[in-house]
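First chain written, first letter: the chains are A, B, C, D, E and F, and each begins at residue 1.
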Amino acid sequence: MNYHPQYNNFITADRSYKESEVVIIGLPFDSTSSFRPGSRFAPNQIRTISYNLETYSPYLERDLESIAITDYGDLELPFGNVMKTIEVIEETASKLINDDKKVVYLGGEHTITYPIIKAYKKKLGNLKVIQFDAHCDLRENYLGDKFTHATVMRRIIEEIGEKNIFQLGIRPGTKEEFEYMKKLASLYYFSKDSITKLLSNIKEDDNVYLTVDMDVFDPSNAPGVGTPEAGGIDFSQFIDVIKMLDVNVVGFDIVELAPDYDISKISTALATKIIREMILKFYY
Amino acid sequence: MNYHPQYNNFITADRSYKESEVVIIGLPFDSTSSFRPGSRFAPNQIRTISYNLETYSPYLERDLESIAITDYGDLELPFGNVMKTIEVIEETASKLINDDKKVVYLGGEHTITYPIIKAYKKKLGNLKVIQFDAHCDLRENYLGDKFTHATVMRRIIEEIGEKNIFQLGIRPGTKEEFEYMKKLASLYYFSKDSITKLLSNIKEDDNVYLTVDMDVFDPSNAPGVGTPEAGGIDFSQFIDVIKMLDVNVVGFDIVELAPDYDISKISTALATKIIREMILKFYY
Amino acid sequence: MNYHPQYNNFITADRSYKESEVVIIGLPFDSTSSFRPGSRFAPNQIRTISYNLETYSPYLERDLESIAITDYGDLELPFGNVMKTIEVIEETASKLINDDKKVVYLGGEHTITYPIIKAYKKKLGNLKVIQFDAHCDLRENYLGDKFTHATVMRRIIEEIGEKNIFQLGIRPGTKEEFEYMKKLASLYYFSKDSITKLLSNIKEDDNVYLTVDMDVFDPSNAPGVGTPEAGGIDFSQFIDVIKMLDVNVVGFDIVELAPDYDISKISTALATKIIREMILKFYY
Amino acid sequence: MNYHPQYNNFITADRSYKESEVVIIGLPFDSTSSFRPGSRFAPNQIRTISYNLETYSPYLERDLESIAITDYGDLELPFGNVMKTIEVIEETASKLINDDKKVVYLGGEHTITYPIIKAYKKKLGNLKVIQFDAHCDLRENYLGDKFTHATVMRRIIEEIGEKNIFQLGIRPGTKEEFEYMKKLASLYYFSKDSITKLLSNIKEDDNVYLTVDMDVFDPSNAPGVGTPEAGGIDFSQFIDVIKMLDVNVVGFDIVELAPDYDISKISTALATKIIREMILKFYY
Amino acid sequence: MNYHPQYNNFITADRSYKESEVVIIGLPFDSTSSFRPGSRFAPNQIRTISYNLETYSPYLERDLESIAITDYGDLELPFGNVMKTIEVIEETASKLINDDKKVVYLGGEHTITYPIIKAYKKKLGNLKVIQFDAHCDLRENYLGDKFTHATVMRRIIEEIGEKNIFQLGIRPGTKEEFEYMKKLASLYYFSKDSITKLLSNIKEDDNVYLTVDMDVFDPSNAPGVGTPEAGGIDFSQFIDVIKMLDVNVVGFDIVELAPDYDISKISTALATKIIREMILKFYY
Amino acid sequence: MNYHPQYNNFITADRSYKESEVVIIGLPFDSTSSFRPGSRFAPNQIRTISYNLETYSPYLERDLESIAITDYGDLELPFGNVMKTIEVIEETASKLINDDKKVVYLGGEHTITYPIIKAYKKKLGNLKVIQFDAHCDLRENYLGDKFTHATVMRRIIEEIGEKNIFQLGIRPGTKEEFEYMKKLASLYYFSKDSITKLLSNIKEDDNVYLTVDMDVFDPSNAPGVGTPEAGGIDFSQFIDVIKMLDVNVVGFDIVELAPDYDISKISTALATKIIREMILKFYY
């Protein structure tokens, strides 16, 4: 047979694991247990829609075809067991770091970022995190639970330290969360000045991890998220900031895309496009 | 001011608690934590759509206007705490039983049925349960958890005893679940003969509780459920069985309606209609 | 029973009428008579979605928890009778003014604003109205009818006088309407200069009423309206103007949200958010 | 230019008015005034979808190609003026009868049937009406109005007499409506026996008019209607009855299709198919 | 790394190609569809939804877990080149037959069935085809093209001979198509008698191929197809016939599912369920 | 009969062909679209939605009522035959030019622009083309085909010459396409400076044709297109450029609207509005 079966990989991500510089991996974790999913099926929808994407970015004048990428598929997670899921994700991230891969993590809900960060921190010693998000996710705990999408950045700060978090796009939050961010001085804006200031806090050899919650975008641009919040950014604002981020990115994730609520598919198409841009900017 | 504010009650359910024979109460519990709900918002959607319902049933030739009904609103549940939620629901059901009310419980997911049953069993001594459902919900545990929509009937059987469960409409299930139902001889069908046999197992003064999972209906009739499963019934089959059920119903619930997936609203309209029929059949 | 039933109120609006400074009331009036509603069910959808809203505003650095708010429910309107509906709304508004309440009126269609204005004008003597709207609603009559969503501002001007209307966001209209607005000099823009000019026409002790037709927003931000019209504003433009409006607001309404067309729910979430901001800005 | 512009006509309805035996005409009347329509745009959606229809009916073994059909377009109605609309429709129907045309009337809401019936009754002297409908539409008046979709059959009975109405598919209604139908003995069922009995009340040379409200179908088959009501029929039940109706049909209409709620388009496709069957059965 | 990536396979289809008896393969071809698009992405949507399926069938009392199944992924097709696509599919089917695999082919549009049939016919000498379909697909050519979804069964008959085709569920068609089916005597019905007659024409050792076009189901059950046609079957009718088909099935396909039009996902869930039943009936 | 049937024309386009200056014509061609279908029905949806449009433009202070417009309906195209379709469109465009009509062409997919351009070029000798589009459509060929939506501008350049193309809004494309645009210097931006530079390349008596692919708009503004691409413009940016374009426009088209994916109808309403603006700007 001359024709090979086509696994539903991200566009151009058809190399072998071994020969690849960049690895795309799905972490299909959400907390709902029914047929009607939240972000669990986002990785596969992103892969499907990616076939409509051009491989060339006119913004960066680079082409995905120039990079050796593999699509690892989705990690099989111990469904329904949060603590075990966290453990499995950390283990996997560690392995990928050890294999010297540049990784694109596709969520799944925001909780997945915590074990990834833990793995990078452990391995690299220092780590700075840039968070694109509508919600600061800084609650001490949420409904009595320590590991949820609403607390994930608090847990991450416990890992990396209070000075190493940079937050962009935050809109709602409790008074306590905003006071905490003020204390941290972690809040930045989508303006040239603010990003310049952010960059002044990151040294050339600092390790940087980026986490992008799709609800950082305005609901008009990304209706397909769990918690749409008015007042977000659009693609132009996003790409302008990405182009300025000349930092040493060691990993990034895209989380909280909810395909079931993306009837027009514009949210998924947007996710796909920003993945292309981030690969081309940070992993080229 | 001559005009009173109109709480969003079920149609005709505008009496005071004290003067009412029948109480409608919402139990907005589902396990999802985001803005995008499952069955949590079903009670309010049912109330809203009920204003399009005629109060008269041509099937039973009775009218809701003849009954004193109150709408209790939704119970405030300790969101995110399953065990506490179960406790609160049981307490509430006990109170309603003590006040001698005939109750319509609006879920919420199927888990809510367990504490209700516990309250009735405790109070009344004996209890038989008729379950309309696509899924038998008889797993011993599900993802390590004992109290979920997939285990609820198993928990209930532990309360009421293996001979007191009657199941209608079951379609999917594990092999173990089907073997267990065979052992219980709990499975009945939507035919005159099967219902006649079912009725022969219920004595005139037996206390009967009915639980209706909306997915007992075919997905063509009720697409707005968490887990649509082909091969279900339609309204005519449902009303035919209800008309035959000349038993002493002490309480009933309607669960697992997922309004977010009911874009055409036909599932919610159906739920509303069967609530009218059940009130008129059992609480008239 | 320790747990109270939870009426479907706007978030934090759980005080008694008596102790409340702020009253939220639904005026579920639209002209359609079928099951498929226009703006009639907007108040209840706004209440439902409000539970996803943070009570704290980072824009104003104020929290809804600091204000005593009650949710009055929906006013029971004599459905299908426009003149009687107008009368009932005026009566209700008068009562609320007499009780010294700051009110949030949730429409319903734009027609509801007319009787509210009449009540405030009668009570307060002078009244200025700021209208956020895509449509100027200034027709002399519409389809032979004097009281419709297309004529409401004309009726209002007859009440308050031609100098007391300020219009923002207007996009389509007849030639006659635009000529009339030119004559009135009532048209302002979402710019700092234009709002400054607007403010120069309002004295410190002038009574101001705000009416917000949701179609003032761009269809990309609020698709769930009866008549989407391209070229509208987004949340940022709205909040920037609201922050500038240091005027004595005596009442405001949000009208013309059509939940049936808000499949992604982003329009309802937006409505909910601007209600929070307007309460915190004007009723704090 | 060799190619003619293609008006959006019903499939095969491309003959001139003069040479046609059958005329299809749209009566785009509904009571809503906004951009979001009810049944107003149904005629054009039916025409559009009809291009996907085969012209041949395997049920009747006849082909639309054998009949000379014209599509008259939509009648221009004095929008917003019910009484004038009724007048215009009656005038048009009279003209079509005088021109000896067999007519297919596409609603619009059910109110349109009244003036059509008036025209036929006036011209033909006797008239019997068969109504396929979920709702009996027999209220004396509705919200104070005599001419609405809820009262139309009452008005029609005043024209044609109480013995000349035959109703099929009725599900909800007030107690008074059901008592009135009992008095009229107008209620029939979708069974061979019931239709045989119906036919025994219609003489060979009686003039018969058929009116089909799309909500006679079950919501699973036709979600795109104003008021979906569970317990309706499917296409097979409809075609079985149509095949039995060997009566002298002088005109028929299809009303209350609401394309905005027909996201999957299955309701419109169904309407299109039953129009083909009814033309082939009654106008062949 | 202890956890393997999870390719998006059909549920339980996680064996190696070598050890598998049953192979599931996607043929994502859809370039000729007329009214509605998108069967191309059906295989992946079926795989995704299959994770909600129980592996056990209560209808057949068998479990998917008992069979060694592999999921081959989607075949990479030379997109936009029909003739080459046909060639590639035939080659692939031949290879799978040679490897002695029992295959489940997931379309894609109906055209894919032609090259599959060619491969089986060539290898096995005799072949009978049972077609579940709303449309007979028997046109000689369609828009000047010989290989389209509307002509596929005509092409297949040219391969297997006029006596070897059995058609179930056919509803629309041209007069010529129905006359041709009469000549072939190929039309059967979903009744016990008709299936018994069908079975009398198939000998024990005849090779049988089944092709299921999802539009054989009623649009209420499967709205997510290219050309919904009223009057179709439901799951119960389907499973009743499948259970009677004690024939030697050598291969089967499921085609024409259009996920884009399956907003409620009930069509995809139905497809998934019938795949389970057909594997368990024919490949157990 | 006093009332004429109302063909589904664009608002105010009810004059006779003869007396009209402006002709609106639908070209319902879409057989080559890749990702998503259905621009075929766009002309009729635009006409339907146009009835909600005001005839007056506040942006240009002109009214459609002042212009004699006819709606020619849709051209009957030889469906499925691309080359013949191209021929028929060219012939029709030539006839309209000869009759001295100013034409609004409603697509259909972008391929339709090629034969229109050919007709204008042939008749007028020189022609410049301004393209509003997300995609440059400059591939040499696409899937082996020379005449597709992806190659149409390449074909057009072959007709009009490399200096006569001006492209606005282009976002994705292959590296080769972007290099070719650089060579052509054909790329302009939605800024005052860039448009001024564009205008400097067009002489007063140059003939200019405008082609607007609806995907030039951001997906948030126009989700109902075949290939939504983030980073597009909104209505304000569009109207600002249109107002600057004081050039001799001889014809324009609007293509690639996909009504099936425009559930909220905001894309179709936007298309309708820009047609009004372009008629009033260029054909007044």
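By our rule, a contact is a pair of C-beta atoms (placed from the backbone, for glycine too) under 8 Å apart; a residue touches a chain by one contact, two chains touch by 3 or more.
Keep in mind it's a predicted model, so treat the numbers as computed, not measured.
Taking the definition of touch as given, a chain qualifies here only if it contacts subunit C and subunit D alike; those chains are B, F.
Graph distance from subunit C to subunit E, where chains that touch are one step apart, equals 2. At the interface between subunit B and subunit E, two copies of one sequence, fewer than half of the residue numbers in use are shared by both copies. The chain with its Cα centre farthest from the Cα centre of subunit B is F. Note on D-E: across the candidates A-E, B-E or B-C, the interface recurring with over half of the contact pairs conserved by residue number is B-E. Annotation: 39 Å between the Cα-based centres of subunit C and subunit F. A separation of 55 Å divides the Cα centre of subunit A from that of subunit D.
Shared interface positions of subunit A, defined as residues touching 2 or more other chains, are 34-35, 218, 220, 227-228, 261, 263. On the side of subunit B, the complex with subunit E involves touching residues 170-175, 178, 218-220, 223-224, 227-231, 261, 263.
Partner subunit A is touched in their complex by these residues of subunit E: 1-8, 25, 28, 41, 44, 48-49, 52, 72-77, 88, 91-92, 95, 263, 265, 269.
Here subunit F touches subunit C in the complex through residues 52-56, 58, 61, 63, 218, 220-221, 234-236, 239, 263-266, 269-270, 273, going by the rule given at the top.
The touching residues of subunit A, when paired with subunit B in their complex, are 31-36, 38, 79-81, 142-145, 148-150, 226-228, 258, 260-261.
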